[in-house]
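Okay, so subunit A shows up in both of these, paired with subunit B first and subunit C after.
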Partner chain A sequence: MPETAPAGGEVVPMSSGHGQPLAPRLSICWSRGNSLRVSLFSLASFEDEAGGEVVEVKLCDGGDGEISNAQWRTIAYDSVSPFAMLQNRRNSMSSFSNINPSPYHLECWEYMMDYSKDINVLLGNKKSSVDSLIEDPDIFLKKTEEPTCLKAAWELMEMFYVNKLSQAWLPERIVDWLADYDRLFAALHGTVHMKVMNFQNVHNDIEVYEDDLRYWDVIESALAVGWLEIAVKMLRRHGSYQLDQLSNRETENGLVEAVALLISKMPRMRSELEPGRLGECYKAKPDFIKAWDKWRGQITKLDSCAFWIQCHHGQTREGLKKLLQILLGNTNSLLAATTNWLELCVSHLIYIRPFTVGLESMYNLAQNCIQLKPMSSPHKLMNIIIGILGENTEVVLAECSKEFGPWMVAHAIELLTVGSNEAESLLHEERYNLGEISLEELHRLAYAQVLSSHALTWQIAPVYLSSCMKHGMGLLEILLYKQPVQLKELLLKNLEICRLYDLDDCSSNIMKMAGVYHWKHGRKGSGIYWLQQARDEFRLNKIAQQLFASVGKSISDESFKQWEGLIGLLDSESNAAGGFEFLHKYRDFKRSLQQIGDGKNDIAAQKAIDSLMLLMRNTSTPQRFWLPLLNDSLKLLNWQHRPLLSVSNTNLLLNKLQELSSARLHPGFVKPDLPAEALNSVRLALATNLGRAILEE
Partner chain B sequence: MAVRPLSRPVEIYKHPLHKYVDAVRWLPPISALDRHAVLALFDSDCGSSSVEIHSFLNPKTDASSTSAMLTALTTWNPPSRVSSLKTTLIGHRPFIAVSTADGSVYLVSAHDAHTLVEIGAVHEVHACPVSCIDLLEGGSECVSVGEDGKVNLVSFGSSTVTNTLFFDSNGLVSYSAAKWASPNEFATGGLDFGLQWWDRRKPGSPVSQFKCNWAQGRASGIIHSIDIHPSRKHTCLAGGSLGTIFAWDLRWQHEPIIFSESRIGVGSKHSVSESEVWEVQCVCDGRSTSTSNFSSSSRMLPIMMCSEDGILAVLEQGMNLLVISDSQMSSSRNVFHFWFYIFFRKLMAVFAFPIYSCKRTENTSSVNSQFRPKVCSCLQ
Partner chain C sequence: MDCKTYKSVLKLDKGTACTAWNYCGQRLAAGTVDGTLAVFDSTDHASSSFRCSSRVKVHKAGILKVVWVPPEYGDAVACIFYDGGFSIWEEAGEDSHSVQWKLCEFFNRGSSKVLDIQFGVSPTSLKMVSTYSDGYIQVYELSNPLELKNWQLQAEFQNVIDSISTFRKASCLSASISWNPMRGGQELSFIMGFNSDTPQLNSSKVWEFDGAHQRWLPVAELALPEERGDRVYSAAWAPNIGRPYELIAVATERGIAIWHIGLNPDLDGRLPMERVALLSGHEGEVWQMEWDMSGMTLATTGSDGVVRFWQSNSNGVWQGQATFVHTS
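Let's look at the complex of A and B:
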C-alpha cells in the first residue's frame, strides 16, 4: 500500500532507511491525479531486508501560489467559451475577408476586444463590490480584493495590443493600471501603495499632521504616481483646516487649498473620468494642450507668489513647494518621491511627457528610469512590460510562459498578433524544427496536453485541439481513444465529442471497444448494443457463428434461454447477418420441439413439423445443418399416432438426404458432429413414414 | 421548437465545487426553515468519494443575488464511487440510499443535518456498477438495477438490510434507470430506449415492455431517467440519449408521446438538446398557474429536464416552454414565485461542477449556447 508523502513540496527528500546509499533501481510513474509514484528497490545484496519502498509524491497542490489548481480549472473552463467564439468569428471573417478585405480589420478589433474583456472578467473582479455611501475620512486607500499578477499581466497586454482605440490616452491608462496593481510589487520592493498603507495604519497616532515628515512624504509619493484623490484627501487633513486654527493660519490654509485645488483641476488626456476621480478630462489633444499650458501657468504663478513669505509654518511651506515641483515635473522631485522605476516612469508620463506616443519613446523612457532606479531582482510583470515596450514578442511570450504557464500563453497569443504583421509572421510561421507547426499551434497543443492530463479538464481539450490545423485532430483522436470505456458517463461524453467533431471512425471504434468490453464481462446485451451501434458486422457475425454451434445439439433449458435471448438481441438489427433468417426459424422449430414434451401433443408436433419443412425448403438453410435438423426431429418422423409428414414432404426430405449423400464425396464436406448411424436412422425413419403416409392417403 | 419566455425572471446560482458531482438530491426537510442538499462527490486527485450534506442558505431577498451559499455540514465516506443516490423520509427522519460503483447499496440516516450514520448495506449485489436505485416514497424498500441485468429489491428493516434478487436477465438485458410507480409496481429502462413495467406480485418477467420500434430515421439510445407522476401512474416519462424525451402510456402502449427527439437528417429541430438527457421529472407543484391548464388527463403535464450540454428546461407536450442558459441570468426579488422556486432549487446542484461540451460551428450566433455547463441532475 503506497503511503502518501506530505504534499506541497516539489522536492521530497528521501532516505533509504538502511543507512546505505539509495538503491540504484528507481521507478517513477504517474499515479492517480497529480501524484507521482516513486518505487525504490533494494540492492540485490540486501535480500534479507525488506524489498523496497513505494512513495506517492503529490505534486504541488496549491497551483502557483497565487492561484490554486481548482481556481485554474475554473479559469480553464470559463475561458473555453470566449476562445471558441473568437476562433469561430475569425474563421467566418477570414472567409469573408477574401472578398472584401477592408471592413475585416475594424470588426477584428471588436472581436479581439470582446475576447480580451471576456477573459479579463473571468480572471477576477478588480473593483470591490461594496461601495459604502458615506466616505470614511480615515481611509485613503479603499480595501479591495487582492489583485493577481495574472490579471495585471492580461490587462497590460490588452492595453498595449488590443485596445487601439484608446492609444492616444495610453499614458493615462498606464497610470490607472499602476493604481490598480501597484501593490503587487510590494513583495520585492517598496511601493507607493505600501507607503500609503503604512501611513494609513499609523495616522491616528499623529496629532499634528503637518509637523510629521511622513505626511508630506506620502502626499508627494501619491501625487507623483497620479493618485490625485489621495493627495487631495490627505491635504485636507492639514491642521490649518481646523476651525479653531482657521483665523490664525489664514494664509497657510489658503496656500494648502490652492495647491489642493490645482491638483484637482489637473488636465488629463483620457476618454472619460469616473465619478469621484479628480482632474479635468480632455479627449482631444489641442484642447488638452491649451488647458495644460494654462494649468502650468497657474502653478508657476502660485509658486512665485508673495504669500509664501507670510506662511509661517516651515514644514507646510517646504511640503507645498515640493508638491508644486512635482506638479511642474521636476525630475529630481519625481525621482525622490517614487520607489521603483515603474513608478518613476509613470510619474514622467504624467508630469513631463503627457503626450508620449509610440512604444519606442516609452521604451527609451523606461530604460532611462531603470538606470535611475535600478533593481536587483526584477518583478515578472516588469519583465513583461519591458518586453512589450521593446516590441519583443518573443520575450513577452517567454515571460508569459515562464511566469503564468500554458494557459496564459495559449490565450495571450491571440492578443499578440493583433495588428502586428511582424508578430503574426513570427507566431504563424511554420517551423521546421517544431515539426512543421507554428509557435501558435505549438503553445495551443501544449496547453491542450495539460488539459488532457487531468480527469476534470480533459473534455475541454478538444476545443483547443480542434483549432490546431496540423496535429490537432490526430491528437484529439488519441485523447479520445485513451479514455476508459468502463464508465458509462465517460463513454457517452466521449461519443458526444466524436459526434461534435464529426469523428465517425473514432466514434465507431470506441463503440466497438465498449462492445467488446461489455461482452467480455458477461453483459451480452450491452455488448451487442454497442457493436450494433458501431455497425460492427464482423464481430456480430462472429457472435452469430457461435450461435450456429448449438444447432443440432441438445441444450439445457437455461442455456436455451440464453441462446434464444441472444438471437432476439441480434435479430433486432435486420441486416446483421444473412444466416439469421435460418437461426430465427430454427429457434421456432426448437421451441416447438421443446413444447412437445411427453410425446402426446399432436398440435405441437404438427407445428414442429411445419417449422422443419420451412427450414428444409428454405434455400438459406446451410447444407451442413440438414442432417442435424432431421436427426433432431426423429421423434416427429416416428410419431406414434399418425404420420405427420405428407408423401410429397417425405419425398422432398428423402431427396435432400440423397443430395447430402452425394455431397459427402466432395472434398470440402464438413462432417456433422453426429453418431455414425444417424444418417441411417433418419433414412429408415423417413422410409417408414413414407409407407405410413401412403397408406394414410 | 417554440420557446416561451417566462413571465418572471429566473435566478441562477453557481456553486463550483472543484470535484466531480456524481449525484445530488434535496434532503427531506428536517425543520421548516432548513434547506439541505445531499451531494455525492468524487475527488479524482486522490480517488476518494464522499456523501456530504450541505446547507443551502437562502439568499437575502433584498441583497444582490450572489449571496446564496453552499456549506458542507457533514460527510460520510462510501468505500467506492457513488453511482446513484436517493432520499426519502421515513417516520419524520430523512434516509439516504446510496449505490456504488462496486455494486453495493447502502442506507444512511441523517439524524440531523450534522450527522450521517450508516444503517446497513448489502454488498456487491450487482456484478458491475449499480446503474440506478429508487427508494419507495416513505417506504423502506429500494429497487436497484445494473447493466449486468439484475433487478434487486433491497428492503430496510429496523436494523438489517436484506436483498432479494427479483429478476436476472443474465446480462442479456441491461438496465440503466428505475422508478417506483406504486408499492408493488415499478418501471425500468435501458438500451434501445426500452422500458419494462414490473409487478412484484408477478415475478419472472416484466408485465409489459416497450421497445424502440419507432419508424425509420429515429436513432436508438439509452434511457437515463424515468419519472412517474404520483397521480398518473399509467404514464411513464423517460429521457435518454440524443435529447430524447417521451412518455409511455400503459393504456396506449405502442404510441409513445414525444416531447423531444433527434431525427437523423433533421437534427435537433424537434429536440431541446442533442445530447444525453440525464434527468427528467414531472412538474408536480400545484401552485403553478400553468399546470392548471393541464388538469384534463388527455394532455401531459409539463416536465423538467436537464442535459449533458447544459440545458435546463421545462417542456410542454409539443412545445418548449423555457430554455435556460447562462445569458438569462438576472435577479429577482420574487423569491417564492413558482418558477423561480423550482429553478432556484434545481440550479444550486446543477452547476456544482461545470462540464462543458462544445461544437465546431460556423454559425457564430449559436456558439454561446454550445458552451454550457453540464447539468448533472435536476431536483424538485
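Let's look at the complex of A and C:
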C-alpha cells in the first residue's frame, strides 16, 4: 500500500489491531428515489487487480418476485389514470358536498367501484380455472395461466370494502373468489385445486372410477368448496352411466343421478349465476330460505330412502352417502374434505351458515376453522383475510406493504377508507411524528419515491405527489432538481412539470443549472439563453463583464463572429448593466469596419467613423477600450480620399488620448494588450487627420 | 430484513479511496490513493451503465474525499488530499471540443489539515465550509458565480457555543459538516461536529448565518448535557419537505442520535430541540450517514462494513429497517 491514511484524515484507526482496513471500505450515496449506491473499495492491497465496484441497492419494496419489474412498470403506468380520475372526482365532490352532502354519497360508492374495477382490470384478466363450459370430458379443471396473489388480494379488498351493494351475497362471493384463487395456496399447503389437478393427470389410467377411492375423495373435496360443476361432471363419469352397464346397475345409477341432480339444483343466494354454472339462484333471503329448506328436505329424504339397500356397489354407496353428508353440512365431512382453514371456512359458508353476514361473525368462523386446521406459516392472502375480517386496518395495511409493496398500499388505501370512520381517522389523521402528515400521504410519498427511482417511471410520480397536500410539492421539487439538465428533452419535460404545478422558483433554478452547464461546456449561446429564461441577471452581468474583457484585446474577425451572436442574445431590453449597450455599439462598429472592405467605400467608412464617435462619446464605454478602439480604426483615421473626422471630433479623440496618458500613471490602470507603438500610431494618425480636416474646412 | 436486490453499476479503478455522485446520479467522481481523479459518466439517461470519461492526476498526494460543487455552479468537485490541502477542479471549455477538467483553486492552510468541506447554496451565493485539524472552521464565499477561483474568506471560528474561548492546541481526527439541504428563503445553516481530543469542540452545533450582522451564530447544540464531550463521527441534516421541525442525525460512540429541531428560536435565540431516538446496531464507528430525498430513510455505514437503513414507524419510533452486507 503506497499511501496510508494519516492521522489528519477522516479515517480513524481501529482500536483492535487485527488487520482492519485503514480507509473506509464503503461509501454510500442515495440515487433518486429509494435506491442507494454503495461504493465498495478494496484497498487491502494496492497490487490487487480489482479496484472495487459500485453497486446499487434497493430497499426491499415488497413482493416476492411474483411480478417482474417490467410488469410492475406497466401496472404503475396503467394505474395513473384511475388514480387521477378518482382524486378528481373526489375533489369535485368535496366542493359540492359542502352544500348538500347526502345526494352524492351513493355517487361516492359508484366511483370507488369504478376505480377498484379499473385497477382490477389492469392487474390481469380473470381466468377462472373452475369453468363449467369445458367441452372436453376428460378435463375437469382448465389449465390456465397462474393468477397472481396481487390480483387476489385486490379482489378481496374490493369485495369487503367497496362492493357494498352485494354484501348480502358475500358468502357466495367468497366461494367464487376461492374458486379463482385456490391454486395460489398450493405452494404452502395442499389445496382442493391440487387434488383435482392430480386426479385429472392420472384419471385416464383408472379403469373403473367408482372403485377408486381417489375418485370419491376428489368429488367430495370439490363439492365441499362449492365447485358444483366439477362434482357433477365427475359423478357422471361413474361406470353405471355406461350403456352396457345401465341395465344391471339401474338403481345404482339412479342414486348417482339423484345426487348429481340435487347438487345441480342447490339453491344459491347470489345476484346472478353465469350461464353454465349449476345451482339455482335466489336474490332475496326469504325465497332462498324456502328453496333451501325444500332442497334440504329432498336430501334428507334421499338419504333415508330404501334404494340404498339395493345399491350393491359398496364404494358408490359410501361415496354418495358422504356427498350427502357434505350437502347436509356435516362438520366432520367438511373437515375431512377440505385441506386448509380457508377452504373449510368456505365450506361452512356454503353448507352450514349461508346467511353469515357481518365481519364479526365471519371472523369468528375463520378463527374456529383455524383452530380446526391450524397451519404453522399462513399464506399472505390468509393474513390479509384475517386482517379484513378482524376489522384491523393496520394489519391489512402492514400485510399489503410487506407482501406487495408501496404500489399496493398507495392504491389500496383508497379502498380501506370507504365508509369506515375508524379507518378514515386512522389513515387521514395528521401525525406530528410523521411530520404532520397522514398515513395516507406517507404511503403516497413512499410510492412516489419508488417511482422516482427509475428513469422510466419518475414522470408519473408528480401525479401522486400532487395528491399529497402537505409534503408533495416539497418532494416534487427535490425530484425535479435531481433530473439531469444537459439533455434537452428531459429539461423541457422537467420545466413542463414545473409549469403544471406552479413551481416557478424550481423552474428558474433548473434553467439556471442548465444555463451554467452549457456556458461552462462551451455552448455559450445556449448558456445565455437559459440564464435569460431563468432571469438570472446576476450571472448575465458577469457574462457581460467577461465579454467586455475579451473585447479589450483587439479581437480577430474569427473570434468576433463567435461572440457577435452572444451579444445579440444579451438582449438590450433586459439590459441591467451599461455594459450591454456598449457591447451592442461595439458590434455595430465592428460590423461597419468589416463592410469597408478594400478601403474605397466612402459611405461605409463614414458609417464606421460615426459608430466610433458614438462609442467614444458614450460614458459607458470603459476607458480601457479607448485605445483598442482607436487602434482598430487606424484605417479610418488614415482614409485616403478625404479626412473622415471633423476638426471637433478629432480634437475630442486627441483629448481622450491625453486622458489615457495621464490615466497610465494611476495604479488601477489596465494596460491594453496592444503593440507598444499603437499609441504613437494613433496619435500620428489623429494629428494627420486634424491637419487635413483643418485644410478641408 | 436483508436488502438483497442489488446490482453492480460500475467497476472502480484500483487504488480508489473515495467516490462521490453528482446531483442527478449520472456522474461519479472517484479519487485514488495516487492522486488521480476519475470521472465516470452514464452512457444513457435511461440505463445505468457507466464509462470513464476522464482521468486526471490532480495532486501528488492521494485523494481522501471528493465533494461535488452544487450544479448551479458548474460541473466541479473539491478534492481533499491526504497531505492536508484541497483543491477545486472544474470541467469546462471555451467551446465544446476543448472541455476538460481544470484546476480552479488550491487551498493549503499550512500545518493544519483540512478534514471536511461542504458547499451550501443560498439564492445569491455559494458558500463553502471547510474544517481543519486544529479545530477551526472557515466559511468562504464565491465572489463570481461563474468563476470557481475567487473565494473570499468570510469567517473563521471554532465549533464552540461560547465564542470567547479558543482552543489553540486542539487535535482533530475527523470532522463532519452537513448543510441544511433546503434551498430558498431561509438563512443558511449547517451542522458541525468534531472527533477531537478537545471535548468542547466535539458536540454538534447548528450554525446559522445572521445576515443582519454578517456573522455565524451557534443556535443549537445537539447533545445531552452529559454527552457534550462525545466525539462526533458523522452528522447529517435531512431534507425537509414540509415537516414542522428539522431532522438531524448525529453519530457518536453511543450510537446514532436522531434529533428534532424546532424551526423558530426561543427568546434567547436558541432553537428548541429534542432527541427522539438513539439507535444502535453498527459495530464500531459510523463513518457516513445519508438521508434519502424525502428525509424518511437514513442510510448509515461505518467500520463494520454494513449498510443499515433506518425509518420511523407511524408512531414515531425509529428502527432498523434493513441491512445490506456485500458478499463478493
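Note that in this section the second predicted complex is superposed on the first by the 516 of 697 C-alpha atoms of A that agree within 3 Å, B and C clash if a C-alpha of one lies under 4 Å from a C-alpha of the other, contacts with A are read in each partner's own complex, and residues count from 1 in each chain.
Assume a residue touches a chain if its C-beta (ideal position, glycine included) is under 8 Å from a C-beta of that chain, and two chains touch if they have at least 3 such contacts.
Remember, predicted model here, so these are calculated numbers, not experimental data.
Legend: residue contacts after superposition of the two complexes on their common chain; A:K488 is shown touching subunit B, with no touch to subunit C. After overlaying the two complexes on the shared chain, residue contacts for A:A186 are found with neither subunit B nor subunit C. Contact with both subunit B and subunit C is seen for A:L456 once the two complexes are overlaid on the shared chain. Looking at the shared chain after the overlay, A:L439 reaches subunit C, while subunit B stays out of its contact range.
Using the contact criterion defined above for the overlaid structures, shared-chain residue A:I289 touches neither subunit B nor subunit C, since it reaches no partner. Applying the stated contact rule after C-alpha superposition, one finds that A:R523 touches each of subunit B and subunit C. Note on subunit A: of its two partners subunit C and subunit B, the one contacting more of its residues is C. Touch criterion met: A:Y501 reaches subunit B, while subunit C stays clear of it. In the superposed pair of complexes, A:S466 makes contact with subunit B only, with no contact to subunit C.
Counting contacts as defined above, subunit A residues 32-34, 455-456, 487, 521-523 meet subunit B in one complex and subunit C in the other. Those residues of subunit C lying in contact with subunit A across their complex are 1, 3-21, 23-26, 28, 30, 33-34, 45-48, 61-62, 64-65, 71-75, 80, 82-84, 90-99, 113, 115-116, 124, 133, 144-147, 173-174, 183-184, 195, 233, 239-245, 284-285, 287-288, 290-294, 296-297, 299-301, 303, 305, 307, 309, 312, 314-316, 321-322, 324, 326, 328.
Chain contact summary for the complex, subunit B toward subunit A: residues 16, 18, 20, 44-47, 64, 127-129, 131, 147-149, 169-174, 176, 190-192, 220, 222, 241, 274-276, 308-309, 353-362, 364, 367-368, 370-371, 373. For subunit A in complex with subunit B, the residues that touch the partner chain are 4, 32-35, 61, 70, 73-74, 77, 80-81, 84-85, 88-89, 91-92, 129, 454-456, 459-460, 462-463, 466, 487-488, 492-493, 496-497, 499-501, 518, 521-526, 529, 533, 561-562, 565-566, 568-569, 572.
Looking at the complex, you find that subunit A touches subunit C at residues 1-3, 5-12, 14, 20, 23-34, 36-43, 46, 48-60, 431-437, 439, 442, 445-446, 449, 452, 455-456, 470-471, 473-475, 477-479, 481-485, 487, 490, 505, 509, 512-513, 516-517, 519-523, 538-539, 542-543, 546.
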